[in-house]
Structures are given as structure tokens and as C-alpha cells.
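Below is one structure; the comments refer to it alone.
In this document, chain identifiers A, B, C and D correspond to the written order of the chains, with residue numbering beginning at 1 in each.
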């Protein structure tokens, strides 16, 4: 469907090219504070090594963009399809996920060379006039967004690794001082409900799971203006939240007992209080900051304890579409920040702090169809057993947030920047 | 809230009393073909022993109806609250679920005596004029419906037990001959969609999870007139269904490989064909009968293979509400039956054959609130990680089916009578 | 020892026949206090149901004696070889051990009929003159001894079952009163060591693992005159025995932490003291009685704490051979008894109380060869990873004890009547 | 052996000092072919990362020699006792063994600095005249031997890591060509048995588990002149060795089925034959080379198949003491070598090829006492559940082999260089 209507226009846009190489460079920037040792180890079955992330996103471009569209492309290493295919059954057998941390070879140096090899080829591809521009544009966009997702995972996986280390290393310099200011007071915005438009439409990138755009019926609801804070979470804990079975879903209560949960992930007692391991190292829990590293089970129990509930993903999207406020940015500080009372009324902290658990199971939208080919395995096959999170987190790369975005994790998972915002019925 | 408007009318209705003791007797009838040995053993962690079912439903009446409402009621045995409480955290500690099969004591004779003791007390309760009639009526209704649910579980748990036995015993006499007739031809009914009323309203019993009745927006859809058959499932198998990862949700494909699935549960190869263990013993797979004992993962993969999808629970309910057809009855034959072409157009086999997996996760309806007290643990706390099934099965007791009924199981579970019906978009 | 000196003498001895049917009857006597429900359930993977024991020992006679030696013998049920073969690979596939408790069919009544069928056939076999008398005698002897072993297991497996039951049922009537007498004072007998004869020789029955009789070199040693008591074990516990890693073998310390051990099996705290579940129900721990239900790890840790060690199996055998004292008998009381100071000097409580852990791994004697055929799987294939216990227990049938007997269990196992006696070097 | 006869003689011997720093250097030499990435990863729960080995042996010297004996010694890093204590309960809590591979910090550079810091301090310690020379000598000897043990583990753990890598990297350059020569023909040496002296006595280093030297009674036996070869193992495989339950100990047969064993560890089918991953990479199985990476279960099954048995550790020691032959050396080639027929009669390949499984459980010698203090945890607490191996392997450092040496592993373990030599009774 590419149509060369004039001279140089069959080339993909320079804006896309710029974003591509900015994204590619950003991954390297994220790896910069890490040693080769830090980059090879896998913290848990859920996490992957930094080196693996760096190679896998590169393999993704090689496999989806270069192989089909750059005629003279030379595969960097035939073994890499086995090593760095994540879960694409269509693309052949692959190294078992829980053993990604055993891949001391290829070395990190070779992976960096792989990145360069692929970047060079991408440059060549994007300079060509004789390609299927629309398709290549689509694939490059997917590749950029894919790499951005792995940038967030890279950070949360490094946090998991460093939290397992008795030295509790910091990935990033510590904040100057503990922010002791109060959070924005909690208040509620009412929404009238009705038939609303859900899902992505119009311009800009979206994943297939945000499609098709469709109507949904939403009851009137109200939504908290800010995220649940650590102070509120401590009140839940002090009120016996983790010891009161009637607050919990049955599977959640099993998890509490099986795993011995008594606080969010990475919290530990110290000097009569609590600290939490973070990308800035082990720091005292800051009361006004949004709580993070809580599972769906915990978020749901907290909401029940508070006499409220979690919003559905549709409610969240309605609220996000209602505000003209610019996306809040994390500005490079890799921890969720206190909400700022000066920002006025309406829901805040929608983006850039923590992903927000919703009451919605991760399921296909009506009429959803995965894309053809291996790329169709990207999102659709995970549509069971997980819950949707909305918004974005302090670890989400700039430009990767939007109101229709659907993130998803299993209800027991906690190692991402996962928090919550309360909702309630309108009486 | 009971108001005595006339002489004997403060007593609960005789119709309710009759249903109560019919239900109580039916449990004994179901246990009748079983020896004391059959009744004590637990086939798996999911299943419970017959004796435990018989005692637990009795404990339910004792605890929820007799203790609070029959002043002079004498607890039969103080240990039974520990032994026969299933999962009510509010009611104290209980015997671990996977160890229910270790309870050789109390003996089955003592459990029968327990049933009689409670039945006698229930009779005394229902004969009284000085009770809170509405509340007692509510509790007896819940107790009846609770016991009916366990009657179905009793049968599926016995099937699980007998299927683990190398002698492959039959619970029920075998059908006279293999039914070789063809099933009703597959055709589709279109539904226009729109805003529909979902959930229970008006007269009759419902569980709290069918409430509140509320509006939902449904897109146009079409629904198969009958259940998927064994013949269709065999075609899926012969086409490599269990060996084709792209047909499966990722968690489903994991289950296939981890569990070694290559057919529905209880199927085994014999004489070049397939047989399936059933309550009538091990019998050849009957091609026209509805497939049963398939997981959500399998149902979803089959639908994808067929180029269709599973209906949502709302679609299913819309279709069920559209038909004036009487509920089909299983008439005591404890296996799903072939659909009968003579029954005319429109969706058939909605009830009484197999529960039908839907695409809907089991979640609360908008505005759902669990009832107060321990009974509030009945349904609400299971609203995560499971999928809704609609209809009813050949093992569901008579009078326990309705269009708004929501059954739910985990996507990997197969030991119930679980099957499927296809749906599709309207082009 | 076959002597064909005249007419009827080729028949097996009447003494053997009498012992056979006494043994067969004793199994039924042991099952007498149990209901059909008690007999079908399997308490743990290590344990077997009573019904299975009763059938398996019968299958043993059917398979090893009747099939090869009684020409017209009719197999009772072709399925039973699958159901009741324990671990004889030579004899075909078998029902998985951890699922023996699922065998509600064949019913216990059918198993009793099986026993009668086999007993009748055994009577016919033993009445014949035309058999290979020596071989039949050998097989009947093995069958008797095999059934005796299972009689002990039947009791310990029932104890495991009843200990898992919240009602804590008693298999046997309780003792009249708590024996508060003091145990025999602890003293030591010295043995000079030297080259000693180990293993079975001469008359009487032995298992193949007691053969061949051979010379061994034993250093001088001394041995305690009695078993370690509960009072001594309590002193170990109160001294932090279960919390002091340096007392334990590394694998033992892992077991302590993994399993949460803080006392022998079946002990539970009650009223400020300790009780222990027993075949007489839950009773206060009697200080003078031998400690029982301890693992090798615990026995070894206790000995280290006491500044002593466990005897080797050779030392134990030397001591047992040194005493002319009659075997002590348990006289039907199924719990280990206090030692009686009046019995004079020298090692006591060698037999009839608790099996005594030795420091010896269970390995073949020099020149050991298992018997030919399936019977060769009886003992030899278990000669790795286990430790030898010597003596016998309160649950060992009369006539089944001797100085050369080698019992064996894994070092973590505790559900048998397992205790210890201390040994030490001679300074 | 302390002799304060004059001026400088209270210093430890220069020979010891030389050996110490040769040993320390050898560890660095072994790490030389590895990247920082290779050194940080843990291949399995049994294995440890190279970096951890390098740090742990250093911590051993710091903790056992420097802290108690070098007054002004400055601990390098207080966290290291937690990080690098292996299993000494006496020395406080430690990082969990299965998580050693998460220790990306301290970095390998810091670990090398740690080694230098400790080496410098050791040099200062050894230069002093005012120390308890005998005790320091003892501790340095232990430290040297300890580091040598870890040198072997370092190699086998790297092999485990590289064998898990789809690139199958080689640690060491490959041999020039496949050695196709025939092995030495198998023959047998007879030994008369009798009372023999077992265990270490006289000069030179030994571990505490080789003590005390004591008499043992050994029956006449014969021993194979060489190790079992790959060709012989292939014959076992081709004869259905891995599919014949009667050849196996019961626990071994379980392992075969549970683990899916059908060949030694690291064998894989290729081009119609077999290859084995080795420190030289993936190479065709060389028929004349000793079989390696077999478990005790496999060794025992092979011996039974061959109509022979494994020697006891005493028999092996008798044979080793009988030969005046010099220790065979592996000369740096890290794979077991073909035996050389030119070497004459008598047992060969006793040392330097593969450790040889014996029929003996790993148990204390009569009168064994572990040394006082934390060092007492070195060997004694592992004396349960394992089997003794004798000899040494191609990965054992030079100077670390002797006739009385007792190595030990669990019967299922295979990742070390473990093989076997046959024994038999004398008829």
C-alpha cells in the first residue's frame, strides 16, 4: 500500500527514524550503570537479564523488519534466534525462559556488536526508496514500542536483582532528602457514565489489544484524584490488613499465607520502621509517595478495607479521557513521586508514577483479532488469568503512555511498579 | 420483617418444607449405590468425599439456620464445625481441604445420624410460629440450593474416584446400546444486540453473584444451536489440535505440555478408537454426544481452530432469555445426551447436558455486594482467576437451572461436566 | 532338609501349616477394630491402607506359592495382580503406590473373600503329597514372614491415619493409668570386640539380607542397658536440641527447618506439657517410656548431644548374641513399655519395644546375592540411602524377632516405632 | 613437629609458603579463560559461580587463619562473611546456597582485590616469628587443600554452565584428533584380604574423615586393572541397560524414570552417534576413554549388568596401597584419558582420570571425632546418605591425590568427573 507520490517521499519518515535511534540509544543508556556481571544474571523466573533484553529487542527488529524487508541482510548469528526468541512459537524452538540467566555466552560485548550490526542494517533499510513503506513503518513502530516495553522491564528486573543482593546496591543516585511534605488531600471526581467509546482510534500508535474501538456502557462512578499512598497502606497494615481473611479474595488469602506476605514487596523492617528497596537503594518508606509493588490481591483487599473498590478499566479510561492535563513526567527519577496539591482538581497521577490495578480481567475487546503472522502472538495469547493495569509508571519510557493503553499482569505479581487508585459507586 | 396476617401463616410455606426434605432425601438417594468405602475417599485435591459432602451440607443447615433460629437446638457434635466447615474463615479453623479424605471418623453411620438429627431439628424449626419467617425462609432456600450444588459435586467427585480405579466401576447402569444417530445439524441464530438486562430480577431464587440486575451493552452476535460434539472434537484432535501451539492461549499451551493433554479428561485409547470413563463406566466415545470434561483452555483452542469464538456470559444469557422452550431435562441419565433434531429452530441444549464455558471472567456485577455475615463468603471471594460457565449439566439437580445462573471454574479444570457452544460475530 | 521317608511325610510339616493359618488369622484380628472406611484410606505416601495390606499379602501367596505349585489353582481376579503387586517389576505394571488409597473397589468384602479363596487353596496345597516340599516350605515361610512384616505396617499406618484425624481416635483401649515409675537406671555393658560372626546361620528363618554369615572386626565398645526415654528426650528438647545446628548432620538440620520439627512425630503441646498420639489415642508423654517416632537424624543428634553415639549394627548384634535373656514380649500392648529394673544387668529392651537406629547404612553383606526370580526384588534393591535398625517393636508380631534381623528406613522417616539406644567407645 | 631450636625457625616452612601461593595463583589461572559474566552465574543448585569459589576460599583463609592469628588484620569487607560463608553454622547466617548466582555485587574486580588483600596479609602472617607455628601451619595446610577442592569444583561447575549454553562453548582448546586406539585389555588382580590397615597415618596431609587409622577385615577380592570405558557403557546402553528395572536399585530406577536418563550426563545424540559435552566443548564420545558423569545408581546398575560389583572403599584402598606405581598425572588435559597398555600389570588409572564410585556409604571411621571449632563442620556433618568415591579425577589439582582420600557425593549426582572400576569376589 506504499505509494511513491513524488521524489524522496517513499522513504519512511525522518521523525520515525529519529525516534527509532533515540529508543535504541536509550536502552544503552539504561544499561550504562551496570557491569557485565549485572547484565547477565536473571533475578527470578519472571525477570530477564539486562543482556537478554538488549539482545531480544534487537532480534525483534532483525526478525520482523530486516529479514523480510532488507534483501541483502546478513543474519548476525544463526544461534541467536534460539537464544533470543522470547515466546514466538511460530518462530521455532527457543531457550527456556527460566534459564535465560545461564547465557554467559554470547558475551555482552558480542551483544553490543549485535546491536550495532542491526542498527546499521536498520539505517540502510530506512534509507531505501524501494521498500513497502507502510509495512516497514508499521514494523519499526512496533519495534520501537516493543523496545520501550523492555526498557521498563529492564529496570524492574534490575531492581529485583539488586533487592536480592545483601549489599542492596543502588542503580541510581539517591534523592537529596526524604520528602516529608503531605500528599494532596484525597477527593473524588464524579463521572456520569453512559455509553462511552473505549479503545484506540484515530492517530498514533496502539497495540492490537486496544482495538477495536467500541462502545461500552458504564454506570455512574467516582474516582479518587490521586494514588493510594504509603501512609494509607501503613494504616491498612496497622489495622491488621494482612491478618484479616475476610478482606481478601480466597486466592489472595492463600497467597498471603503461602508467601508470608505482610507488606508490599521489597519492604523490610528497620529501626522500628519500614524501608523499601528501590532503584535508589534501600530507603525509608516515604509516607506521601504512592504505594508500589503490590499485587492485585493486595490492591483489592486494600480497597475492600477502605470501603471502596478498584475502578474498571473502562472507568479509568473515561476519567483519563476527561482531563486535558498534560501527561505528568517522571523526569528521570525512577521512583513514584508524591502528588502535588498545586495541580488543581480532577484525577492526577494518572501516568508516570505506578501502573494502576483495575477490576477488569485482561480479555479481548469485542471483535478483537490478532494481527496475522508471528506478531499475532504478541498480546492475544495472554488473554486469560491476568488483570488489566492502566496508566504508566516512573519506569515507563517517555512517549509510551496513553489513555487506552492496557498493561496486564497476574494477580499475584508484584515486581513491577504496581499500585492503585480507588473508585466507588455514586450514591 | 415477617408479618403474621392470619392464623397459621407465620410458618414457612409447606412448599418450601416439601422441597427441603425432597432435597435432603435426594442426597441420600445419590449415595445409595455407594459403599462406605466409596464414600470416604477423596479422589483429588479438587474433589471431596461423598461422606464429607453429606455432612458438610448438613453442617450448613445446622450452622446457618438452626443455631441462630432454633433456641433449644443441641449441637450434634462440637468437632463437626472443624471437620465440615468448608471455607468460611468467619466460622473458625477447619480441617485442611486436601485432607478431607483422611476423615474415616466420624463414620458414615454417624454422618447419617447427623443428617437425621439435623432433619428432625429442621422439622421442628419449620413447625414453629414464632420465628423470623422471612429470614428462616431465606436461609432454608440457601441451604437447599447449597445442597443441590453439592449433589452435582458429589457425582463429579465420584466419577473422579472411579476413573482412578483400575476396575473402572460404573456408578449407574449402562445405557442399552450405543446411540449411533446423527446430531442435529449445526446452525446459527442471530441476535441483534443492544442494551440488555442482565442478572436476576423478579421472583425465584438466585445467588448473590447474579445480582444486581443491570443493563449491559451487547454487540450483534450469533450463537450455535447446539453444543460441540465428540465427533467435532475428534476432528480437532485429528487435525493436530493438541499439537498446534498457535491455537492456544499461552497458559493453555503450558498446561497441554505440563499435563500431557491429548484429549478431554477421562478419554483413553482402546481398540483403535477412544473410550471415555463416565458414571456408566468406560464406554466408547459416542460421536453425536456433546463433548465433556474439557478445560477453558481447550474450549478456547477449539473455538479458534473452528474459526469461531466462545460466547460471553451476557450473550449466552440473552440467547437463553430469548427462548420460550422448556428446560430440557436429563431424566436421571447422568451423561450428556445427543441433541434432538426434532426440537425445532433456535438454541437448544442450553440446560441439562454440560456447563458451557464462556469468554467471560468471573467478576462481580456493577454494584455487587456480598450478603452480610459468614454467608457473604459464599461466592464473592472467588471472583478472580476463574471463568464463567452458563447453563447446567446432566448432573445438576432438577430445579437448579436458570438463565442467569453463573457457575465458575479455573481455566485448567476439567473434572466437572464442562463443554462448549460456539459463537461468532455477525458480519 | 527334605526327607521322603515313607508315605505321608512328603507333605509340609503340620507345624508350618499351623503357623501359616495363625498368621493369616492374626491379620484379620488386627483389622477387627476397624471399619471398612478405616481400612480403605491411605494416610500418606509412605503408608498403605489396611485393605491393601490384607490383599497384598494374599496376592503374595497366590503369586509365589499357588500359581507355580498348585496345578489347578484358579486366579481369583485377574485385576488383582495390577492392584496388589507392591513393587515387583518382574511381575508387571502395578497401581501407583501413592494412589493405593483410591482403591475403594474391590470392596473390603471382596478382599475378605479373596483371603478365603487363597486360604482354601493353601490348605489344598499343603495337603498334597506330590509337591516339591522343600520349595513349597520355603515359599510358605517367606509368605508368613512377609505377612508378619505387613502386620506391623498395618498398625503403624493406622496410627498415621488416626493421628491425622481431628477426633484422635484410639485403635486400642487405653492403659489403666499413667505409669509414673522410674525407668531402670542407665548403665553400660562393655564388649571386648574382635573378630565376630555376623549374620544368620544355622536353623530357623532369615531374610536374604541377613546372609551370608561372615566375619567382621569390631572394636571394643560399650552399650547402654536400656533405650533412651521420653524424659531424656525432653531434656534434649529443653536444652535447645532442635535449635542447635551443630548437633545435627547437615541433611538432618535441613529436615528440621524444612519440616518444622521441634519434637518427635505425633507429639503435641497440651496443658503446658506434651502429649503423643498413639494406638491408644492421645496420651500424656510418659517419662519412663522409650522415646519413639524419631528419625535417624534426630537419633544421631540426640546421641551427639549426649556425648555418645549410635551403635553399629554389628555392635548391636554382638550385644544381642551375648545375652541369654528371653525375648521380651509386648503381650499385646501396642506401645513401648518402661524397662523393668528387676530384670538384672546387661542390655535389655532389645526386642519388643522400638526398633533401634544404628550408625550403619543398609548395604549388602560381603558376598550377598539376592535369590533368583521375582522374590529377589524383596530386599536387595533397597540397599542404598537407608539406615539399619535392629531389634523389634511393640508392633512386631510374636515370633518375628531375632538378633540378626535387619530392618531399614530412610533417615528422615518417623512413622514406624523407631527409637534408639546409645553406645560409646571404651576409653 | 614444631621445633623452636634457634632463631628464624619458628616461622612456617618456606615450602609451605611456596605451595600456598602456587595454589592461590592456580585458582586465578583457572579463571583466566573466563569472562566476568562466566564467573558470576550459577549453573544449578549444586554448582557455584567461579567468582563465589574465588571469594569463598579467600574468606576461608581470612576467617580461619588471619582473624585468629594476625593481630592487626583488617577485615576486607564486613558483608563478606554473609556472602561467602558456605555452610558453617557456627560462623553465622549466610547467603542461601541456591542464590549464589545473584551476587553480581561485589564485582569480580572487587573479589580479585579481596584475594590480593588476603594474600598480602597471609604473606605478613607467614613472615612472623611470634605465631603459634604448628597451628598456623595446620590452618594454612587446610586452607590450601580446601582451595584445591574448590579448584576442582570450579571446573565442574563451569562445565555445568557451558553445557547449559546452546553455544556449547569450550573452556579449553580441543584435542588435536580423536584418539581411536584401543584401551588396555581388561584383566583382574586378586587380593588375599585379611586384616588391613585403613585410613591415613604417618606423614603428609589428610582430612579428618581419613582418620583414625584403624584395622579392618577384608575378604579376598579381585579388582579390574582399568576403568570402565565409554565403549563398555555403550554396550550396556545398547543392551537396554536404562530400560531394564531389574538391573537397578529401586531409588535408581525412580531416578531413571523421573529424570528421563538414557545415557551419562552431557551425552547427546548427534549424527547417528553420541557426543558428550566436555571442557573441550561438544565432542564425539571416545570409545576407549573412561566413562564419566555417571551416578552411583548408574555405576551400580552397570556392575550388576556386567555380573560384577563395585569395590568397597577398603578394597580400593588395599589395591592402591599395593602398587608402587607413580601417580598418573593429567598434565593439564581436563578430560579422562585412555589407559595405556604399556604400563604393565596391576590396577591402573587409580588417580587423575575419574573418581571411582565405591559400594561404601560415607560414614565415620571407628572412633572418628571432628576437629574442635567451626572447622569441625568441614566433613563430619555430611556423613549420611552419600557414597564414597576413591582416587581422583582429571580436574583434581596436582598434589591433591592419595590412597586414603575419601570423596563423597549423593547417589544421584553426576556433574563431577565420576566413573567406576569393577570388582568381584574371588571364587
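By definition in this document, a residue touches a chain if its C-beta (ideal position, glycine included) is under 8 Å from a C-beta of that chain, and two chains touch if they have at least 3 such contacts.
Just so we're clear, the structure is a prediction, and the values are computed from it rather than from any experiment.
K.L.:
Give me the chains shared as neighbours by chain A and chain D.
P.N.:
Common contact partners of chain A and chain D, which must touch each of the two, are absent.
K.L.:
Specify the chain most distant from chain A by Cα centroid.
P.N.:
C
K.L.:
Could you grab the centroid distance between chain B and chain D? Build each centroid from C-alpha atoms only and quote it in angstrom.
P.N.:
Roughly 60 Å, centre to centre.
K.L.:
Taking the mean of the C-alpha atoms as each chain's centre, how many Å separate chain C from chain D?
P.N.:
It comes to 38 Å between the two C-alpha centres.
K.L.:
Using CA atom averages as chain centres, what separation in Å is found between chain B and chain C?
P.N.:
Roughly 47 Å separates the two chain centres.
K.L.:
Give me the residues of chain C that touch two or more other chains.
P.N.:
Touching at least two other chains: none.
K.L.:
Viewed as a graph of touching chains, is the assembly arranged as a line, ring, star, complete set, or other?
P.N.:
ring
K.L.:
What are all the touching pairs of chains?
P.N.:
A-B, A-D, B-C, C-D
K.L.:
Hey, which residues of chain D end up touching chain A in the complex?
P.N.:
Touching chain A from chain D are residues 35-41, 43, 51, 79, 82-83, 95, 99, 101-108, 161-162, 164-167, 169.
K.L.:
Given the complex with chain A, which residues does chain B contribute to the contact?
P.N.:
Touch list, chain B to chain A: 87, 89-90, 195, 214-217, 219, 245-246, 248-253, 296-297, 300, 359-361, 363-364, 366-367, 376-377, 381-385, 387, 411, 425.
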